[in-house]
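Take a look at these structures.
Next come two complexes, and both contain chain A; in the first it sits with chain B, in the second with chain C.
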Partner chain A sequence: MKTIKASIIGFGSIGQGVARVLLMKKDYLKKEGLDIKVIAVTDSKGAMIDENGLDLEKCLEIKSEKGTIAEEKMTGLEVIRQIEHDLVIEVTPTDVITGGAGLLNMQAAFETKKDVVTSNKGPLTLKFKELNELAEQNGRLFRYEATVGGAMPIINLTKEVMAGNEIESIKGIFNGTCNYILTRMLEEKAAYSEILTEAVDLGIAETDPTYDVEGIDTAGKVVILANAVFGMNKTINDVDRTGITQITYEALEMSERNGKTIKLIGEVRKNGELTVSPRLIPIGHPLSVSGTLNVASVQTDLAGEITVTGKGAGSIETASSILSDIISIYKEN
Partner chain B sequence: MKVTMDIELKDEPGQLILALEPVSRNNANLISVFHYHKTNSNTKKGGEKLQVQLVLDAKGPVIEKIKEDMEKTGIRILRIGEEKYGETLTILMIGHVVNTDIRDTISRIDETRIAEVISMSLSMPEIDKPTSAAVTINAIGKEEMKKTIALLKEITKEKNIQLILPIEIE
Partner chain C sequence: MKTIKASIIGFGSIGQGVARVLLMKKDYLKKEGLDIKVIAVTDSKGAMIDENGLDLEKCLEIKSEKGTIAEEKMTGLEVIRQIEHDLVIEVTPTDVITGGAGLLNMQAAFETKKDVVTSNKGPLTLKFKELNELAEQNGRLFRYEATVGGAMPIINLTKEVMAGNEIESIKGIFNGTCNYILTRMLEEKAAYSEILTEAVDLGIAETDPTYDVEGIDTAGKVVILANAVFGMNKTINDVDRTGITQITYEALEMSERNGKTIKLIGEVRKNGELTVSPRLIPIGHPLSVSGTLNVASVQTDLAGEITVTGKGAGSIETASSILSDIISIYKEN
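Up next, the complex of A and B:
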């Protein structure tokens, strides 16, 4: 049995999802020869630490009762730097402008010889090459499947499962909020602003939805795919980006009359072109998925077109990608 | 081969069926039927005649036979020619499509002589609200369609109109 000492840095929706998934899959992990011992959990107010392993069920209870797990005044960065462990599960809120705490956490993790698994896009859209180089210099592993498309396996699919194929392009729907809004506008014959209000009420869109509806979130994912799958060195400023705020119900209706639907599509091409824009998709086409679903279509030289779809958000779904990254690191090492 | 056949019918019930009968009898593939509303010097004036364009896919001798059969029933054949356009695409535009000189948008595409706007439908919900337009364009071939899309991108950028392209367009 291999024991892996891990920290969960960030205990919001995704962090708690990771704790739940680790509890749910404890027996499975044992069968795989892995004992994931979480020795620290941190949130914005502090940390809970037990070097012999925390009771995750208790952590979840305390978080739910008190709103924080803070028992000690330690930040995530301090936990990473000061407490000996093997793996940092970095799930703090994303910041695509500065990289936020996530960037510092990841850098500190590699510098102190820890592996990193993350769902945090911000640092990867800004410093992808630097972070990978830092991991390599320190002989550590860096996995980030959960940063693109939640549960939808796209990075590992293209980098590992489809190894040997040359990837021509990847295009898809990488933002569930936009997909929900466009789907509901047509269903309800309603204007963009009305459905946006509904999406905010349902918690599908943030109170400030700019990040989603202007295509910034999709652009971040496109950058990660460009760098991770195509080996490019792009940032969010390299993306030609248009969001969905100008889409009218009438345009959706017109496209439906022509047998098509409008979706916000992110696309990476082998020639280095990165775009995010609303596109016309034939109804019934593999990319015409509805609601909050995500989908990606990979064009390859040998296998032709491969399409994967899955839930792009949700704590358990995202945690499932984090879990598969953890298993892939420690099963092969 | 794909050919267009411009014919003149009496503007009476049953005339179109009469015209299409030789097409099916000679096993030609009928691709489209288009009613012309343009005035044409070949068409007799008076309003009792109707000009129709058929696009057929058939071999030369079959086209000849269809022509003969049609003429026997009194249908006037105005023109037979090879189809000029091989590519058709429908795109969407959202914004002040009309107020930014819609005629200019159409003419700039038509003037390329490699493509033309063949239909446009508009939806204008309220004054001051953006107009949505579905525009169908014919182009000679794939390369010409690409050039037309590039031109369209230029025009819509200049006029601050959002252009929505089909997924198959690069």
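Up next, the complex of A and C:
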């Protein structure tokens, strides 16, 4: 049995999902020879720490009762720097402009010789190369499947399963909110603004939906794929980006009459072109999936086009990608 | 550099695809530290052998000029038994009734301490457990991604990338011929028999299409998934099977008016139920792909539903799965 001491930095929806998944899979992990012992959980107000391992059930209860697990006035960064452990599960909120706390957390983790598994896109869209170099210099591992498409396993699929293939391009729907809006506009014969209101009411879109509907979130994921799969060194400023705010119901209907649908597609090509824009996709094509689903289509030299679809969001779904990453790190070592 | 001595047993469309892919990827493999040296190629008429490594370019030329690479009167089985090498690439034609030459070839390979990578479903639908046990007893590896869905990476996806998830069911379209017929019937408003004739003319269906249209091919793939992913011990007789021969254009059209499409779906559930039957799939659902594509949808406890789509046939596409398997065997050892 290998004991891994871990911290969960950020205890919002995804952090709590990670705690739930670790509880659900305790026996499975033990069978695989892994004992993941969470020694600290932090949220924006502070930390709960037990170097012998926290009771995650209790952490979830306290979070739900009090709104915070803060018992001690330590930040995530202080926990990473001051408490000895092996793995930082970095699930603080994404900030694609500055990288936010996540960037400092990841840097500190590598500098203090800890592995990092994350769902936090911000630091990866800004400083992908630097973070990977820092991980390597310190002999630590860095996994981020959950940053692109939640449960949809696009990064590990292309890097592991499709070995031997040269990847020519990856394109897909990487934002469930936009896909939901475009799907519902056609179903309801309704205007963009009307469906956006519905999506906000349902909690599918944020009150300020700019980040999703202007394609910024999609652009972040395109950047991560460019860097992770193609070995590029891109940032979000390298993406040629158009959102979905100008799409009308009439345009969707006219496309449908021609056997096509309009989707917000992010694409990275091996020549270095990164784009986010609404595109016509034939109905019946693997990319023409509806609702909040995410999908990625990988063009390869041998296998042709391989497409993978999955839930792009959801705390348990995203936590499942984090779990797969954790298993892949500690089973291969 | 690790040198792997390999034989290609069967030199039809897939065997030639393997030769082409090994030629295309020679430099890539060298960079990965692998020198795959093909020391024998066999077809139904005989073998070509060079223990220092055959020139695959020349093998392909001779096959195309003479219709056979037979220089010596040795069968595949004799090559496997008598010539020292490490890896048997078993790509003889599939026979789901007896297992055909493939079954004997695989048994002989393991008994003489060789690894096996194959695209040949027959032996796996009949003797999956026995073959795996034989491989294990002899300390050899057995990989068969190409047996299900050609280039679509369903087996390695579920076994490697989705670690930590419990698989509840896998369902999908595993036969491109049936999918082509159902897609075209609706496009052309045509009867089953009419489109079948078209498919035979285009080489998409065999002159005797029973194996495809009665769902036997799909059933074979369902059996392999049951055994490989769920650890069951099933054969083709355990599958409750209905083909597509009774589907009318009118049924397809009525489904379409209700926003659905009819697809031949193979499914394995963790309770041991294996089925092949035509089913209604909502348009826009990831399983509703058109043409000759294959698709598999994996229901998991954490990640929800993950779907993967790819080309189910084609010599280079199938060979690409064989190549990925070869890389996975020799890189992990």
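Miscellaneous remarks
To be clear about the criterion, the second predicted complex is superposed on the first by the 333 of 333 C-alpha atoms of A that agree within 3 Å, B and C clash if a C-alpha of one lies under 4 Å from a C-alpha of the other, contacts with A are read in each partner's own complex, and residues count from 1 in each chain.
Operating definition for what follows: a contact is a pair of C-beta atoms (placed from the backbone, for glycine too) under 8 Å apart; a residue touches a chain by one contact, two chains touch by 3 or more.
All values reported here derive from a predicted model rather than from experimental measurement.
Applying the stated contact rule after C-alpha superposition, one finds that A:Leu293 touches chain C and leaves chain B untouched. In the superposition on chain A, contact is made by A:Lys25 with chain C only, not with chain B. Residue contacts after overlaying the shared chain place A:Gly164 against chain C, while chain B stays out of touching range.
When both complexes are overlaid on chain A, the residue A:Asn258 reaches chain B alone and has no touch with chain C.
Contacts of A:His285 after superposition on the shared chain: both chain B and chain C are touched. Ranked by how many residues of chain A each touches, chain B and chain C are led by C. When the shared chain is aligned, chain B comes close enough to touch A:Ile247, but chain C does not. Of the two partner chains placed by superposition, A:Ile80 touches none, neither chain B nor chain C. Residue overlap on chain A between the chain B contacts of one complex and the chain C contacts of the other covers 285.
Within the complex, the chain B residues that touch chain A are 90-92, 94-95, 121, 123, 125, 129-130, 132-134, 162, 164-167, 170. Within the complex formed with chain B, the chain A residues making contact are 171, 242, 246-248, 250-251, 253-255, 257-258, 260, 262, 265, 269, 277-282, 285, 287.
Chain C makes touch with chain A in their complex at residues 21, 24-25, 28-29, 151-153, 156-157, 160-166, 183, 283-286, 288-291, 293, 295, 300-311, 314, 316-317, 319-321, 323-324, 326-328, 331.
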